[in-house]
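So, here's a batch of structures to check.
In what comes next, subunit A is part of two complexes: it sits with subunit B in the first one and with subunit C in the second one.
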Partner chain A sequence: MTDITTRPADGGAGGTALSLKTFAPAIFLAPAVLLLAVYLLYPLVDSFRLSMFDWNGLGSDARFVGLDNWKKLASDALFWEAAWNNILLAFFSVVVQMPIALVLAVVLDNAGKGSRILKILYFLPLLMSSVALGVLFKYFYDVTFGPLNALLDFVGLGYLAQDWLGDTRFALGAVIAVVCWQYIPFYMVLFMAGLASFPADISEAAKLDGASETTIFWKMKLPHLKGTIRTAIVLSVIGALRYFDLIYVMTGGGPEGASELMATYMYRNVFSSFQLGYGSTVASGMFIVVILIASVLMRFSKRYETEV
Partner chain B sequence: MSSKLVSKLSALACGAAMAAVIPFAAHAEDKVISVWDLQTTEGAVKVIRDAADRFEAANPGYKVEDTHILNDAYKTKIKIAFGANEPPCVFSSWGGGPFREYVAADQVVDLTPYLEKDPAFKDRFAPASFGAVTVDGKIYGLPAENTAIAVVFYNKEMFEKLSLTPPKTWDELLHVIDVLKQNDIAPFALANKNKWTGSMYYGYLVDRIGGPEAFANAAQRKEGGSFADPVFVEAGKRLQELVNMGAFQKGYNGLDYDVGGSRRLLYTEKAAMELMGTWEASTIGNENPEFAKKLGFFPFPSVPGGKGDPSDLLGTLGDNFVSVTKACPEKDKAVELIKFLTDDTAAAGRVADSRLPPIKNLKVDNPFLQEVSKLVREAKSVQLWWDQELPPKLGELHKDTSQALFGLSKTPEQVAEEFEAAAKAELK
Partner chain C sequence: MASSPVARVAGRIAVPVLGLFWLAVTTVPFLFMVMTSFKSQQESFSSSVWALPEALDLVNYRSVLEGPFLTYFKNSVMVVVISVVLIMLISAMAAFAFARMRFRFNDALFGLIVAGMIVPIHITLVPIYLMTRQMGLYDSQFALIGPYVATSLPISVFILTEFMRQIPKELEEAARLDGCGPFAIFFKVFLPLSGPGLSTIAIYNGIMLWNEFIFAYVLTSSTGTRTLPLAIWDYQGQYTANIPAILTVVTLTSLPLVVAYAFGQEKIVKGMMAGSLKG
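Right after this comes the complex of A and B.
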């Protein structure tokens, strides 16, 4: 920024046009930078500051405890279980969402105009509010009244019927399935956009040369999508690591913490246990975990920025 | 540099906001008293607005701004408002542990001097109702809305059909459970995603086994009270005995009370009973008036050899207390307002809305409320729900550990020890 402000001086008397030019980017960027500073940078720094306090979030009796909260976090089994659950969510998000989204995108891309209705249908889950979805799927998974168990019963697989959200073994998986279902359309659209930019003349040329549709897909279209897929994976992993809403609505992190995520654990600490200090430590710990994993991921996908 | 910019900008924004407000305020000249509560039903809001109107009529130049916020959103919002030092003048709470945090943070006005000046007003309330808002002998809130106690609701018609009578003792309860199970009916409906729902069983068992002192002494760290006491272990064992014999319907730990997870089981007659606060009666009356006709209730049964009196209750006298914040510029007027909010006219309005404010000699025609009122009058002790009574951190742990007891993933001994360790650290 200092760079920009010094330049007009060099321009001398005839610098009005020039200074406008140099100031323009700064002026246009200012709102975004300001918003980021207020809503991102400040809370981030402040939550690190708060993580050093023992404070209930009320009044002025905050007590500076240095790194005590951080030591507690390091040995807090609940936090690490939550972090592990986040990693599971990230893993399954990628493994489930990417292939299905890709298949849907390819099918819809090949189907041409006739697929408009399908495109809209497939896109619907993304348009629904997570809270509404969560309540809907709570009914879907209901042990006694839920259609899922009823369906299993109907097809003679009644012995597979489970207490999906109330059993510590299934709760996380049950919610992950819904999360994947909700976000597949997002990646589908991303991949469709990628496929749309694949030049038609190239595939025609390949066809003339005798390449089959499968060859075209594996050898040409998929490599073309590489960058998009990388972006999708990064987005999906980061999203999963920060995930909150469906878990909060469907299980509240339970039963017995079986589906607890870092974000729901933080929320419980701050708003239910009145531990704003420790809650901030959890938030900051979460930030570090996300940054670490995301930067490793970015490293493995260097071309990500240029190809989308 | 950016912080300067921010402050300049916010000053600018404030200026603009002020400019918009000033002409209007100068015109009205009213002093505003803000009220936040979590009453969102039409009847409850009407009582509050009506009291506010009466206050405004008696105090020209003052205006009451009442804001009604949904339960969970309210809990978050009020906490943030206090943390940001911008609380409303008057706010609602449940008393107990979380409320004491606000008092300890020096945010709440001590009402004792005001009440001493007006003993006739104070003496209208049931004395026990001040317990949840009393800290170090000082009263910080007025009981306003309702009396809510936990009782076992049951399907009268179903009990008749199976020639069952409401159980008074543990053995009778086991018999009822047996018969219901033989008829493929889940004895208890329980939606324990919310955790406080199941924790009431534990609370009642501790009372029935060890008497009200067991919890009170442990929570207040007096007379050798401890959460590792055998009373708590036995309560956990009895609870898991119920779980093991299938007293709760399948999937109890995942059902959500807020979306009617347990009540649907009652409506469809897949379950026969539910331990719940008395607000349940009006909820069911609204949701399913047909079923409400079959609804009966009985107090939690006694346990053989237990020290607790079967008349002891778990619940709240007041269920929402109104308090004044220290940040309020018009404290005296705000106190006057909360007296309007809890006076006889307001109480009568609440009774007409099927609620039971804890006021002596209240005229009640509704037979259900009469029964509740009788239980409360005869109770030897009314213990506030544990999750409200305990400091927030322990309240959360209590809910977590009781869910673990239900899930059979922790033994009663483990829970008792874990809880005692946390209580030692938290309660000093």
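Right after this comes the complex of A and C.
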């Protein structure tokens, strides 16, 4: 504890109490440290070890190949295309989600009583599992039975109807749209919290000085949200780099790799082509890419704590 | 004032219009899901997608519930409850040590655990898969508990440590003067006072694990051991063409969280935000 000596030593009993206290941190930390060592640290190291083997995961015929897998990864166009798709996902997540979320936050900020119920309803997609959403939107986009094409037809835009997930030109965009649909409310709530923390008396004073709502927003509230927006960007980029479930369920990375991400590519190598060694190389490569980008991002944007 | 009347009217219209527009964007997919779940397979092919169901037919629900759906449900409840209880206990213990004990490497170890938040779980997938096979846990519900608890620990330890640092030192001093050792102080003072922090991590991790897909997908393989997100996956694999039946499963799977949400929206929104923000 903070101060061992505050407790009066009472002979022999004091000795055991002292040793108990010395070991107390270890006892309290042991379960967490043990679990993290077994299920996080060891797998991390093991993945790098496996990345140097050629192995189908079944027999005991794993063959050590040194850095061959890494050389293969460096020139594996499929992996870099997948990484590029991750970056596109990150870019469009930020560019689409942030402005819409900000507009909605401002709208709800001004909506008075109705804002609570709207916020609650908007938030619903965030409770859904990505498998549920993936399956739901797979049918939503369906070329013949999907409501999206039916909707386009209904409003006279039938010529825009597409095989959204089956066409290499649209698959990634269609999936990004679902990601945005799900996460915009998250950033909206974040921005609402930021707006709510803007001191009311300051905007009152500005109004008395003749500033319009628009001016107050652009000149005062938006700068006030700078930290929150930075946090939002970091979160959405890191999220985009690790994306898997939704895309795996909706397209499996296809068609022809059009929506392949690093994680889906890793999964395919391990569990479809049974290349455990090379799959581990892909996973380790993904880890390095994520850590690199994340640390660059963190450096450029000190994380701001926002209370919700 | 400074804003012209035109701008003010435009502003007054824009708020409800945009508010309702996004409401439509959010609800249309759900509407499609629920409406289709009441249609027969025949109807879903022949009538327009946006036509209301001919009758409020529960036949899809009946047939899904008569199938193995409840087994998936039971597995989900079991795995999530056990995992969340363990997460709360283990992360509270660690948080107590980090928040209130002085020992060597306190800051370094805390930093290391918190850094675990950034590790993409996909890198752990193959080693954990191999390890689970070796432990003989493959294709059992218990295979999931280890990875679930471990991957939830970094964020949970972080949130609870922040929380416990706020608990006044005086309470701890008083307990110590009453002769309480570290264990008594933890169980009698810190655990009860950490209620709000514990509920945040329970809500956040509960929802995340209820929806978890990839570990469940890789570490279990049979209907008897799989959890709800896999129910959707398995059904859509088996009945590709029966869209109403599959969307019934999706609806039923989402129902428990929607019901929970109906009772505690504020808490759930808060918990989800806190968890994702720090994670």
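Definition applied: the second predicted complex is superposed on the first by the 261 of 308 C-alpha atoms of A that agree within 3 Å, B and C clash if a C-alpha of one lies under 4 Å from a C-alpha of the other, contacts with A are read in each partner's own complex, and residues count from 1 in each chain.
What we mean here is this: contacts are C-beta pairs under 8 Å (C-beta built on N, C-alpha and C of every residue); 3 or more make two chains touch, one makes a residue touch a chain.
Predicted model only: the values in this text are computed from it and were never measured.
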Exercise for the section: With the two complexes superposed on chain A, say which partner A:E81 touches: subunit B (first), subunit C (second), both, or neither. Expected result: neither
Practice task
Considering only touches as defined above, state whether A:S273 meets subunit B (first), subunit C (second), both or neither.
Solution key: first
Practice task
Have a look at where A:D167 lands relative to subunit B and subunit C in the superposition and call it first, second, both or neither.
Solution key: first
Exercise for the section: With the two complexes superposed on chain A, say which partner A:P255 touches: subunit B (first), subunit C (second), both, or neither. Expected result: first
Exercise for the section: Have a look at where A:F145 lands relative to subunit B and subunit C in the superposition and call it first, second, both or neither. Expected result: both
Practice task
With the two complexes superposed on chain A, say which partner A:V38 touches: subunit B (first), subunit C (second), both, or neither.
Solution key: both
Practice task
Could you look at A:L127 and tell me whether it touches subunit B, subunit C, both or neither (first, second, both, neither)?
Solution key: second
Exercise for the section: Scan A:L58 for contacts with subunit B and subunit C and give back first, second, both or neither. Expected result: first
Practice task
In the three-chain superposition, say which chain, subunit B or subunit C, touches more residues of subunit A.
Solution key: C
Exercise for the section: Jot down the residues of subunit A that show up as touching in both complexes, subunit B in one and subunit C in the other. Expected result: 33, 38, 57, 135, 138-139, 142, 145, 271, 276
Handout entry: Residue ranges of subunit A touching subunit C (in the complex, touch as defined)
Key = 1-2, 6-7, 17, 20-21, 24-26, 28-29, 31-33, 35-36, 38-40, 42-44, 46-47, 50, 57, 103-104, 107-108, 110-111, 114-115, 118-132, 135-140, 142, 145-147, 150-151, 154, 181, 184-186, 189-190, 193, 207, 210-215, 231, 235, 238, 241-242, 244-245, 249, 262-263, 266-267, 270-271, 276, 279-280, 283-284, 286-287, 290-291, 294, 306, 308
Practice task
Could you please specify the touching residues of subunit C with respect to subunit A in the complex?
Solution key: 1-3, 7, 11, 14-16, 18-19, 22-23, 25-30, 32-33, 36, 44-45, 48-50, 89-91, 93-94, 96-97, 100-103, 106, 109, 113, 116, 118-128, 130-131, 146-147, 149-151, 153-154, 157, 176, 181-183, 185-186, 207, 210-214, 218, 228-230, 232-233, 236, 243, 246-247, 250, 253-254, 257-258, 261, 265, 268-270, 272-274, 276-277
Handout entry: subunit B - residues contacting subunit A, complex
Key = 2, 5-6, 9, 75-76, 79, 82-83, 98, 101-102, 104-107, 192-195, 249-256, 259, 261, 264-265, 268, 270, 391-393, 395-396, 400, 403-404, 407, 409
Problem - Contacting residues of subunit A [partner subunit B, same complex] - result: 33-34, 37-38, 41, 56-61, 135, 138-139, 141-145, 163-168, 171, 251-252, 254-257, 268, 271-276
